[in-house]
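Please see the structure below; I have some questions.
Letters A, B, C, D, E, F, G, H, I, J, K and L mark the chains in the order given here, with residues in each chain numbered from 1 onward.
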């Protein structure tokens, strides 16, 4: 059976739905988990869906995905902009990697315009809310199936 | 009947398939047009698919879409990084706008890391090749249906 | 008889009145054309009033004004901030050049703070809406009459 | 009766006519005062016309204009480029503010390209010599009459 | 008897209560003077409370405080961001120096993020409105009593 | 009964009193805890006082304070200068937030001059040693009582 | 028979001889065309010599040269400094590319010091006036004959 | 008996040998541990050798080394470039500190060129692979024996 | 009889001898006045020696020197680094201008490395304490005698 | 008889043919000397061809050329990017100066993008290998014959 | 017999022991030569140990080492930060290259933080005084023996 | 007898009088040598006056002055702006150091605004032509007599 899609979420995303809904929308992370799992199953994959506020734990989950997953979908939230550790972890992963952001980070503060994740990802999907996760899962599955990760 | 999705393509994309295939893939723009049209139809929309090497013509097509379209999907190619005129045209459009790029611009030269389009778009999809257009059409349709453009 | 004042308008200004009225006001370009023509006539000049979304066409109209005009009033809109070609065209013009902007570009995004037009213009009028065109025409006429272009 | 237009001039402008005439022209500040007063009267206003070399005095005159004036026309000269105090004073003024410069500051040293005044002004008129004051008075009066200060 | 605490206020603070109350609050400078004096007396000190719009006068009051005061509390307002002269004057003062700002300058325009005062002060209190003056007086008194100025 | 004031301390502050006393003073964190608790009680509040070397744990304590606290006083130490995650966590908190630093960070290395915390805080108190915590508690209580958090 | 050398000229070069002769010399573009054609014939090639003020047209002529030419000599004039579209078009050309400028752009304004063309060209010839075109044609022919384009 | 040398390793180093071997070599961290221990023993010291992906844990291990170690050898990996917390922890350590990197970080991406560790270390050894750890242990022992830490 | 040498001193120099003597030396401004006057007399000139803490007053003294002096020696102190107004005033002076600084500003904080005075002065003398004034007077006299001001 | 063309070569060019041939080609400096001499003779000039690794020696050869030469062709190699001394020496030369580089420096590391030579040269020829020297000699001769050095 | 290790020293290192001993230590260059030779012999190599104050001579010694040496150890001192010529010379050397510095350059002035040598070296050893030379010799020998130079 | 004053001159100064006289004046270096020697003798010192185009030779002359001189007067010309080696050599000199420049470098190209010499000198004299050498000799002698070199 196919290995699962790892969908990893970074700091403060546990507050989703409650925190600044005018930016992040009113759906909770549990809602997004459901949407993502459904989408993965439609593509013939299961999903591992997790959230943590700790950079080191994200690094370790990426290591785990490296062994046990088919692809990584990651919303690193605030760590997107500051974490070389995540960049390095993802560079070590020989699987499709899709970066996703709920809000359009390019319309926000300038410190959100640079991502350390992007240069280690295959694709990036930004600004489409919860629906962005569904598209990211689609993209991850398409790449996993073609087994071609961009060099 | 629903107004069409405008899918607009910028300079040099007419060479797709022939130009630097290690970066842009081997599919031609005609291939992508077909994929996009199919995807739009699956969502209940028709597609207007165009390419031009001229910045001013892109501006005018955006004006046209503003009147006659349901949404805009745009791959402004090189103009992404230099055109305030496209930024302004898209800001004047009260429709969903999805920016798409075939390659992962964040892995390339630094002058490709900034986009004047992003801050005028709802969503951005990067690095997923021709498949990215399909996801962009999906996203455009979803937004068009919910009639909610991010402020 | 005196050669006309050329009043040249750049990209997206055809949308005036409809596009972001909280920034650009509710008057249309046709309204501004009327105001400008009236003002020119009051000063004893006719006006050539044009708009284009194409940088190259603006360049060529400046070349035309060089032969057939008494002065140039230019609102290059978005090209203000990106066009060396317009800078060079205006430097080649041995006539009074007045730059005009409807909105106060210094209160907006930082990429609107620099103008390639200013260093090739005699005078600059910013932030006064349609009335700014009238003042620009006044200034152009005054300079044309004194036949003294700043070096 | 209408409150007067305050026309405030910054450091070294008392030397006008004598100082670097190739940049600033040969008219004196007294000449400009006369032109400005005449223009104001044509619009139905009186003018208060002053010059000082002291930043703090300019701040206080702006405070005075806030109580007793209809609009402010200001050529802050060198303080244009260095004074946050003037910026703050003008932000506190609920009247039309027009910034004016005799020379085209965009053609001069790079430290003259940024103005702390512009972001606190409604309009800016640059490079038109003494005539620029006349246009600034026109603009100030037009705005004062429409009682609409840009937000 | 103990020498007084000097509480010095910079440009435009005389407008307090009237100027941009959404940023600076509705209390007047007279209100703050009363709060500060009360707080100083509670700590066993009198207060000298002054405001000026002139950089040079602030410099001279600091020189005066150097001779006749126990400590300096200073809200240099706009001069905070531009005055090396105040920095130098405060460096020459062998007394406790507390910098205070009514609004949170770090949430405002980027030109307000740097302070020439901070590197010459012992402590900095920002964003707490009129209450910030009370805390600043407390801090100044505590330092004055311990007679230990940070090196 | 009133919810407690959360007083959160970041990395290396457990070494206080031992580490670089010429910068941070000779008081230990336990001393500061006592001072803070006393001050809180004087204002009618209890205090939750914690220290961690882990960014993620600080994020989670802020989430806890969001539910169970009246206000947050935070000395994020080194994370002040690098953590977008803390910025985001504090932005999601609808309570008074006071940032505090023992030393005057503006007199130290340039990488300590920028704080990601400040733009998410109501007030900032810098350079006043252990006494700064007391003032921060005062400020937090004053804001909590007025129930008005700056927008 | 050998395919021709394409010699492409950008905006404002149609004014050559008339525009700022102290910078660009007194020869007209027709003069340069003649010199270039003669030089090409001496090397056994014909020449296609064109000028346009439009960025998009230059892009398309490069595409044409890609099919029908032996080499490209390009003076992109103002677009040199702003056009990623020309950079991309030239990168897609598998022929020798020689960039040429009449004036020494390194002695002029700083915005003329960077060229988007250079990184997509094999060779660059600057500051030698009309004679530079002759050398560029020589270089293009030499490279076309050796059929070795630098990688 | 002498206290041990602490050899601390940062994020992703657990993947050594598997991750990007063209950059990091084919030796595993266990191999390096053995080499380091042998080297330490040759110098008369034992070694504590650890790896973690968590910044906070590295901070705490440095605190532990401060009490229980003779010297610190640290390869902070990705945290090298982003962690002020590690800088502060090392500054608080009154022992020899040697920074080590397997690859030559100066030949890689520009974000790897700055190290927050270097300014808190006595010595730095870069680019020598596993052998670099042996030299770092030698250096740490030499400094520990001379008991002279650079100020 | 020859017009006097104006020797103008900026903010905080009245504290000389008392303020930070390790930087500025132990001589008072009165000592320097005596040295300067003696030196001027030796060259056949009288000296006007003044100090002010006010930027505007310095501007006006320069205007006065323009009428009544033979040369200007100026130590603008803190205003050196921030005053465009002084730059402009000195540019308007058709007399020799010598800038002098007691301390070596190039060894101090980076904000003291740039001088707005230098580009408006003929000569600059830095770091030689009170003796620097004597040399500056010598230089001013030599230039005044040769009546050649550098262009 | 005509004075010779000086062809001066900077550091490491003695290794040509051996050093990084994928960048610099396989021809040796002796090969280039022969090509250059032949070309000079064809134009009626002799050639002085030299190489040194020493900046000072290059300066002195330029001084010599100033007296004894008709023109200078210079490939300053690494000193191109760091030597103000060469810039100054060439500015003092009243002869044609042509800068030449074997490789296309604009495609290489960013520290090779700026040249101190260019602003002191008449023309620049880049990226054309040994052939570039031949073109440079042609250009030098053409300029020497017309005796017009660009101002 | 094995070719020697070249140990090359740059400007001012002849003053070692006398010059700023608080930074560079009290050992002389002769002391370091002895330590290095001993270390090289222990590894089975001889050492060529030289010092010069001339950049060009360093370049030439590197060329010599290229022919006659087994490896290069280089302390380029001040030229480390300014010499592209040394960078290029070392890039042309197909031998192990170890950069060494006596002091920790990352703790000193910012102009010492960048090295043109590092990107052309295999390894870098910083801050370990004379002992650093011994480690550098060890590293050079280890690399020379394995005959593997990092690409 | 007193040791001599070393007066050291850098690259291209041998051309003085001939090179760009509008910048450097018409006096030759021999003229300046005579003026300087006379001035030194007046102060009771002899002078060693030298010029070289080689950075390394300047370094060595400074080393010589360190042993055999009373003070150093240095015009490093172009090396002023690029030489860390001269900075380091001068820092190692325990004698008065005066930097001198003939022209006012602050009025020239921006790359001449920074000096690596200034931070290693006691005093700096700029823009006073040959007379500046006389003042520099005076200053050197005064410092040498007081035997107090600034720290």
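By definition in this document, a contact is a pair of C-beta atoms (placed from the backbone, for glycine too) under 8 Å apart; a residue touches a chain by one contact, two chains touch by 3 or more.
All of these numbers come straight from a predicted model, not from anything done at the bench.
Visitor: Can you list every chain in contact with both subunit F and subunit L?
Guide: The common neighbours do not exist; no chain touches both.
Visitor: Starting at subunit D, what is the smallest number of hops through touching chains needed to reach subunit G?
Guide: The fewest touching-chain steps linking subunit D to subunit G number 2.
Visitor: Chains touching subunit B and subunit I alike, please list them.
Guide: Chains in contact with subunit B as well as subunit I: not a single one.
Visitor: Quick check: superposing subunit C onto subunit G on C-alpha atoms, how many degrees is the rotation, to the nearest 5?
Guide: 120
Visitor: Same or different interface residues for subunit J and subunit K, judged by whether over half of the residue numbers are used by both?
Guide: Here the answer is different, because the shared fraction of interface numbers falls below one half.
Visitor: Averaging over Cα atoms per chain, report the distance between subunit B and subunit L in Å.
Guide: A distance of 63 Å separates the two centres.
Visitor: Can you compute the centre-to-centre distance for subunit A and subunit E, using the mean CA position of each chain? Integer Å is fine.
Guide: That pair's centroid distance is 48 Å.
Visitor: Using Cα averages as centroids, what's the distance between subunit I and subunit L in whole Å?
Guide: From the centre of subunit I to the centre of subunit L is 23 Å.
Visitor: Using the touch definition from the top, which residues of subunit H touch two or more other chains?
Guide: 54-57, 82
Visitor: Strictly by the criterion at the top, what is the full list of touching chain pairs?
Guide: All touching pairs, sorted by chain label, are A-B, A-F, A-H, B-C, B-G, C-D, C-G, D-E, D-I, E-F, E-I, F-H, G-J, H-K, I-L, J-K, J-L, K-L.
Visitor: Quick one: which bits of subunit E touch subunit D in the complex? Just the residue numbers, please.
Guide: Residues 10-12, 14-15, 18-20, 52-57, 77-79, 81-82, 111-112 of subunit E touch subunit D in their complex.
Visitor: Report the residues of subunit B in contact with subunit C in the complex, numbered from low to high.
Guide: Contact set of subunit B toward subunit C: 54-57, 59-60, 63, 82-85, 87-89, 91-92, 116.
Visitor: Tell me, which parts of subunit L touch subunit I in their complex?
Guide: Those residues of subunit L that touch subunit I are 104, 106-107, 113-115, 118-119, 121-128, 131-132, 135, 138-139, 142-143, 150.
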